[in-house]
Amino acid sequence: MLEGIQTHVFTLRVRYAETDAQGVVHHANYLTWFEEGRSDFLRQQGCFYSDMERDGFFVVVVQATVDYRAPSFYEDHITIATTLQKGKGRVMEFSYQATNQDGVLVAEGKTLHLVLDANRKLVSIPDKYQQILQKKNL
Amino acid sequence: MLEGIQTHVFTLRVRYAETDAQGVVHHANYLTWFEEGRSDFLRQQGCFYSDMERDGFFVVVVQATVDYRAPSFYEDHITIATTLQKGKGRVMEFSYQATNQDGVLVAEGKTLHLVLDANRKLVSIPDKYQQILQKKNL
Amino acid sequence: MLEGIQTHVFTLRVRYAETDAQGVVHHANYLTWFEEGRSDFLRQQGCFYSDMERDGFFVVVVQATVDYRAPSFYEDHITIATTLQKGKGRVMEFSYQATNQDGVLVAEGKTLHLVLDANRKLVSIPDKYQQILQKKNL
Amino acid sequence: MLEGIQTHVFTLRVRYAETDAQGVVHHANYLTWFEEGRSDFLRQQGCFYSDMERDGFFVVVVQATVDYRAPSFYEDHITIATTLQKGKGRVMEFSYQATNQDGVLVAEGKTLHLVLDANRKLVSIPDKYQQILQKKNL
């Protein structure tokens, strides 16, 4: 089990629609970026979240924290480094660091997740996905 | 049948998240505002779109046009006037005019819709909803 | 000074665009809702954030936390109760509780803010706004 | 001048936040995708829109039309083909075709743009940018 070691890197370019009247990225978008970092992390492990939903499991966010360190601007190249902090039992925890093209840390954060079945009832992370999360990824 | 006559008025206040780096509302948000104008129009007729989905019908957008006339700003009070242009057979058509607190027309537009059943197959507007749409609303 | 006592209530109706493929409100939208709760709180105190920007001051979010308690659905009526926890010196802190039409707490959270001047340099909360924040609001 | 010939291809992966309760991409997002197709088109010509704003010019959208042909889903790979239809005088016109990983056309559209100076006054497309737009791009 390599929780806290697997770090996956995902890049994106800031969209105009993500900026606000302050001329910087609106703070709510970082949660969406973290989500895409997390999705790409899972895809790299062979776990497409869209398959997971087809299997009848829904991963929900139960807590999210973002620390904003520096502004991001339109056309910036942002790298999201996603780290699995915990991925067994009932809880998944991910941490994130978003860095721009100049190596400046623009935001970091953490999300906690639970898994629901098709009836929105809380379940443990299904074995199949628990194994994927615990795979050595290097 | 009073297509083109029923105009419903819905108001909203511009959110900070809706602005972009030009200091004005990002153009994609007008489609979301028109959608809420349309939803509120239907609710006023006694037709909750969430009920419609529970009945197994999905209204999809097949065409949208927006003409942008003037910028909108954070905290502006926007009035969306929604008019049903067509609401029988297979097609629903709505038109919209968005006006700010000073009476300035900021945008107008039009959307065309079709109805799908639970299998995403094209169907006529269900009778129940067709009657609602054709009700005199004054 | 009545920090932590002033609670302001703001209501909104869930938009279709705010839902995601799980059929519930996407988690990033709660930050936008909290922001509108906060904006409306300030407006009630006679402080329009758009005026503040015209005065050359920008309030930035430096930390945000959301605890998601229950899902929200399209057309839900959400009440955001915003409380000023701290509003003097350099830091503004707000807390939020979002409740649906059935009185169910759907999310709560906290945001920390700093004030920048027109050159994006950190300053104390301007006196004028500090007084507004400290007004008894009953 | 090669208006209508220059077609630029840009790809993106559908984000979870872009889906709605119908399980498909919400229709307003296509305008944002077209905008990123257009931005990337301009970047490929050596024209960063962020530079243009630093030069004091703002390109605004005056009309947008979208025809929705098929739904898009989370994790789809979407290709936006952007074509410059007109780029001289006062008006810029772009057309777009969005296709998924199976080659299915999911949407097509058109946007019309005008250029404003720093005082939001209408101007012709600045020479520098007009030349960029008229460069042969093959």
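The letters A, B, C and D name the chains in turn, as written, and every chain counts its residues from 1.
In this text, a contact is a pair of C-beta atoms (placed from the backbone, for glycine too) under 8 Å apart; a residue touches a chain by one contact, two chains touch by 3 or more.
Keep in mind it's a predicted model, so treat the numbers as computed, not measured.
Comparing the centres of all chains, each the average of its CA atoms, the largest separation from subunit D belongs to C.
Comparing chain pairs A-C and A-B, the larger number of C-beta contacts belongs to A-C. If you average the CA atoms of subunit A and of subunit B, the two centres end up 34 Å from each other. Per-chain Cα centroids separate subunit B from subunit C by 28 Å. Taking each chain's centre as the mean of its C-alpha atoms, subunit A lies 24 Å from subunit C.
Residue positions 16-17, 21, 28, 32, 35, 73-74 of subunit D each touch two or more of the other chains.
Only residues 21-22, 27-29, 31-32, 35, 53, 58, 60-68, 71, 120 of subunit A touch subunit C when the two sit together in their complex. Of all the residues in subunit B, the ones that touch subunit C in their complex are 13, 15-17, 32, 35-36, 39, 43, 48-50, 73-75. Of all residues in subunit A, those touching subunit B in their complex are 16-17, 19-21, 23-24, 26, 28, 73-74.
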